[in-house]
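Below you'll find the structure I mean.
Naming follows writing order (A, B, C and D), and every chain is counted from residue 1.
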Amino acid sequence: MVTSTIHEGRHFLQIPGPTNVPDRVLRAMTRPTIDHRGPEFASLTLSILGRLKQVFKTTGPVIIFPSSGTGAWEAALVNTLSRGDLLLMYETGQFAHLWRGVAERLEYEVEWIDDDWRHGVDSERIFDRLTADKEHRIGAVAVVHNETSTGITSNISGVRRAIDEAGHPALLIVDTISSLASMDYRHDEWGVDVTVGGSQKGLMLPPGLGFNALSERALQASASASLGRSYWAWDPVIEANKSGFFPYTPATNLLFGLDQALDMLIEEGLDSVFSRHARLARATREALSGWELENLAISPAEYSDSLTAVMMPEGYDADELRRLILERFDMALGTGLGKVQGRVFRIGHLGHFNELMLMGTLCGVEMGLELAGVPHKKGGVDAAMRILAEQG
Amino acid sequence: MVTSTIHEGRHFLQIPGPTNVPDRVLRAMTRPTIDHRGPEFASLTLSILGRLKQVFKTTGPVIIFPSSGTGAWEAALVNTLSRGDLLLMYETGQFAHLWRGVAERLEYEVEWIDDDWRHGVDSERIFDRLTADKEHRIGAVAVVHNETSTGITSNISGVRRAIDEAGHPALLIVDTISSLASMDYRHDEWGVDVTVGGSQKGLMLPPGLGFNALSERALQASASASLGRSYWAWDPVIEANKSGFFPYTPATNLLFGLDQALDMLIEEGLDSVFSRHARLARATREALSGWELENLAISPAEYSDSLTAVMMPEGYDADELRRLILERFDMALGTGLGKVQGRVFRIGHLGHFNELMLMGTLCGVEMGLELAGVPHKKGGVDAAMRILAEQG
Amino acid sequence: MVTSTIHEGRHFLQIPGPTNVPDRVLRAMTRPTIDHRGPEFASLTLSILGRLKQVFKTTGPVIIFPSSGTGAWEAALVNTLSRGDLLLMYETGQFAHLWRGVAERLEYEVEWIDDDWRHGVDSERIFDRLTADKEHRIGAVAVVHNETSTGITSNISGVRRAIDEAGHPALLIVDTISSLASMDYRHDEWGVDVTVGGSQKGLMLPPGLGFNALSERALQASASASLGRSYWAWDPVIEANKSGFFPYTPATNLLFGLDQALDMLIEEGLDSVFSRHARLARATREALSGWELENLAISPAEYSDSLTAVMMPEGYDADELRRLILERFDMALGTGLGKVQGRVFRIGHLGHFNELMLMGTLCGVEMGLELAGVPHKKGGVDAAMRILAEQG
Amino acid sequence: MVTSTIHEGRHFLQIPGPTNVPDRVLRAMTRPTIDHRGPEFASLTLSILGRLKQVFKTTGPVIIFPSSGTGAWEAALVNTLSRGDLLLMYETGQFAHLWRGVAERLEYEVEWIDDDWRHGVDSERIFDRLTADKEHRIGAVAVVHNETSTGITSNISGVRRAIDEAGHPALLIVDTISSLASMDYRHDEWGVDVTVGGSQKGLMLPPGLGFNALSERALQASASASLGRSYWAWDPVIEANKSGFFPYTPATNLLFGLDQALDMLIEEGLDSVFSRHARLARATREALSGWELENLAISPAEYSDSLTAVMMPEGYDADELRRLILERFDMALGTGLGKVQGRVFRIGHLGHFNELMLMGTLCGVEMGLELAGVPHKKGGVDAAMRILAEQG
């Protein structure tokens, strides 16, 4: 049902992605399409790939797919694992579940570590499973860095350490779809083998591009992985990318946008980008405290800097609140997914975002709580302002 | 000096005009320019003129100039008054002063009613002057409907009544640059002879178009007005407009934008537009009360719905506060103009604007007051939220 | 190597896709991204899907993938065929070859009918193979409707007839990437089971979307196809599309563009679109005759209406000519692909294209031939004008 | 009457202005409007003014008005001449006539040198009049550099020499609306006192900005000119421009476009811009010869490089031809203005324009001549190609 209310002023798109695309990126996307086999295009590709590596903090190849992030999940698996391979996955939330579904539909066997959606990956449990896997049947450990359904960030270098300490050869595959370019992430330093990314969150683009960053070991694995693959195959992309081209028609205008978005990230500086996200996330959490509402994330060390999942008081429906806020204040908040449907709503505070956009967002939530009759204390907005008005 | 701070997220343009231009209008302005003497252009002009009349609430002609609003001031005078004619003007604030300057540079004689910038036009003083003008030397009364430097709205139908009750033939010329399409305004019903408008406020366009709406009496006056005029002459425009053209090259792409903006206003409905502005203005004033800061406007009946001028506590510099807010929160507020420079800042809450944009704005002000050490009470933001979260 | 020449005026993108994207579509793509789980998005999806069916001339489902056209090739296969299934393919040119490569990498067995790249599909040879396949090992016949490397169109209803007359149950899968929305194509009437399309040709969009239109039999086949699939799986898309959503984040802004492009096609009328392409193609072929250059396509019944592949006189390099034309006249022409590399160049005359754009294109070719010293007769441009200036 | 024909592909806007605005400029115009009193705006203004001087080839001030070019005509007069002053003007065509109308409506006395619309300014006749004006009643000589109604360029340095040789103190005022940034023009070197320009021709912008470039003598004249002026007054603009601001709200988004257009002109290099226009103009004239149609301009030294006015054979209506070409080929050509209405049509070949755009244009004319049954020889297009395909 399309709402008939006409809204003026800017829509607040505060789901945890797709995020608000900067005008500058949207403008870049309207450049006339060019020949993807011509010299101007080659030069664009090479420049983009160089800067993408900085964002992933890697010196290895980064692959760009015309796809959603789920496509990049699939690519990470089919290039490294053979049919029937065993994959160790960890239940951080709905996106871990969905990724597991992808793996199973692709006929991998998944060993699943379940958890309560309120914690990040427990590296000890990874260590235990790997240690128990004497025959090294587990081909890869696949975890989500920042679980978009829960607002919980996992310690990836801890997972790497667990694998190493178990003396296990499994590859480490990490989903950074909602953390990349919003929170610090280090593909090389943390020893990740395949990093999965998407365009529509911290990269400030519309959806439509998926990414894989690769380690040397991932490349070796791809040489022996036996599953038939074509669209997702890394090799032809790496080969064509050398001269700035792609093995099939790339999504030219999204690449125009990516070119701008990378410029913006580098102009601001990645460290500034991360501290901006950290500051806005901290203010959001102070608002929760002010409202006396609970964060789905339990451990402060695991709080996400790109989104916050807010628990509703018992007996109140999160989607009812979201619907009211959309109708009354033209703001879209993230729904509770999977087993927290109705019990949680999510505030996206990532990408092209700043202090006053956040305050508009938090005011919208506070007024929505009031209008929906959800029990809460006033003072969330005030608490957030105290953080943001601290002397620099 | 260009600030070197890099800001991410959307800039908050909260001066009382130019206002935030809707994406939809900006997109319309990128249509390829067309032949201004061709059939498609003629049809566009006729459609625009029909809808513009609805906005001015007139059945008479509305003239569109490629100019700023000051150009439309000049046009209103040179078409109706002859050299040396006497003009009665009223000191509502800086824009009344500037308009007076235009009149004097054009060699009209101005009779000036001075006032304290904290009140709108006092119709009784108009009545008194006109009554005293037995020889009917005064050719026109020129007043500002919504004084952009003070946030004070004058009662235009009251001015009309004063003229009528004085039995004086003076024309009534009204500046609505910062009220048109934000607050109710009725060219025909209120007996206005020339209404002056601009594109960059309630009409939600970039600057570059000026408007004159005309009464029958204004048209008659223009037939006998003796001042040489060419660019601003109404007659050739009215004549060419009949078939959808202009006597000289019009600002085609701004007209593409105007076409969209008129659609948006009509889709929302003028009454809804006005009540939205009234609601956001009321919330802003509640914030002032919450902060215990003074509104430059004294009389509630004269509070403007499109902007609010906030007085600084004695000894604090408004421009210092504005500079800090721009640097820290990327929000532009309006400076104090003329004699209130440094003592007042202005919050624009008009045009393409909504509840959460306002709340971001007010949070920026509240945090700025804190950071600048300006004495104030907390609670302005909370007070505004109480208004906006009232049950519909 | 990036050319350093600065060109003013519009670039002529006359490769056979990506094509010149209309300003109107580019503008639509700059709308701010919206929540892909919200009501506005659902209504957009449903409206797009309804109009897409008109373009494919089907009443069955059409699937939209965030992918290139090669992705849609892959999707057509993995949803209908099981591992090791036999696929009958026909060598119409380079894209048939590439598609074969996709099939083989996905571990299908391909039975290949080779041909000389100068003819379309010979239905009799299809009939013969199917008749010989007594055990019905062939699961599908996969052919290219309009071979983008050669400018040759195949008779798809003829292929259908061959399958039927052979009494063979094979599915018919057809690539229409460079014909859809440029030339008449009838998914239902011609009995096609899966039609493969892409966004960047007749649909006038940038690359980034792939399409599959499905018959009832294709849907049945997908229920029993055994190859693991996730991203390309039809079922979850069909299910989610029912309420206007997608199982994973769709390419929102490309969908905004598709929405406009569909409006444009329907406003012009598909029959007008096709006759426009036919007229421009005929003028192009007349130019070839005028130049006494040979069309790679031999049979008039198989001439493509969306592109023309021009053969170079013996001893002259097509890519040398293309390079010169790009540098001197800022026009990109299509390179010869695969085995006709250097011997052929291709003129794209499809999508958002009209008479004067074509004439600019043909003049660029004629001047290029002159400058490159390629033997030809003058008169190609004149011949094309004769066609286009025929009394309507 | 709006034509109901739906056209696909790009419209050919080949009137001699407004011209085809580059995508890059249109995109720049969609940047969100900024505070015209803020630091970012100041820096933009200063940068624009510096580059504008290069285009006018002056070291003196250049004034930017939110206005059409006719506004800039008016500004040139009211700043330099007092009421009743005598102005010497020359009948080059319709725009000289229109400018004379402006002068007369502003109550200047005009001394008019009539001519046949087929020649540029005859400097000897200027010399004779000035010599005869012993009392130096003539305050200024005002001529059109490139007459847009006729496609004839006048020798401005010749006019300057005539004034000097007559020993007359008259100012020299020159309209360059359709020549600036298309043909060489030297404000300082040629001793021009006021140069009048507009945005919508060689500057590649939509209409909406007018320009005055000033000499030292023009500034002195403005100090003593007695006509009342406000909007057009130079002094307050020059004063405010020093710090990057304007005395009234400038047309911000058109300035964003101007910023880009200046970049484009400087990147290409003014000399390259001029030689490109010269080459395209020469090719157009060769087409006229090929068709055996007559150029309205008689003297080769006076041929315009930005447009060509084509005379129709006796008994054939130019507007009938233009209408047919618009309907059939979606190309707008310039109408014959004033006394050559119906007898002449004009081809604009200026601004963002290149070889293949010109060839599309000329093919459209040649096909239109054929369809309209206008007597002509074939071969115009061929002749133009010969010029453009000359070895560089």
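In this section, a residue touches a chain if its C-beta (ideal position, glycine included) is under 8 Å from a C-beta of that chain, and two chains touch if they have at least 3 such contacts.
Because the structure is predicted, anything quoted here is derived from the model rather than measured.
By number of C-beta pairs in contact, B-D leads over the other of B-D and B-C.
Between chain A and chain D, the superposing rotation on Cα atoms measures out at 180°, rounded to the nearest 5. Set against the C-alpha centre of chain D, every other chain centre is closer than that of A. The centroid of the Cα atoms in chain B and the matching centroid in chain C are 54 Å apart.
We define each chain's centre as the mean of its Cα atoms; on that basis chain B and chain D are separated by 34 Å.
Multi-chain contact residues of chain C, defined as those touching 2 or more other chains: 10, 20, 23, 27, 30, 32. Taken as a graph of touching chains, this assembly is complete, with every chain in contact with every other.
On chain D, the positions that touch chain B within their shared complex are 1-3, 10-11, 13, 15, 17-21, 26-27, 29-30, 32-40, 42-43, 66-71, 74, 83, 101-102, 105-107, 198, 200, 206-208, 228-231, 233, 248-254, 326, 332, 335.
Residues 6-10, 12, 20, 22-23, 30, 264, 267-268, 272-273, 276, 328-331, 352-357, 359-361, 363-364, 366-367, 370-371, 378, 381-382, 385, 388-389, 391-392 of chain A touch chain B in their complex. Of all residues in chain C, only 23, 27, 30-32 touch chain B in the complex they form.
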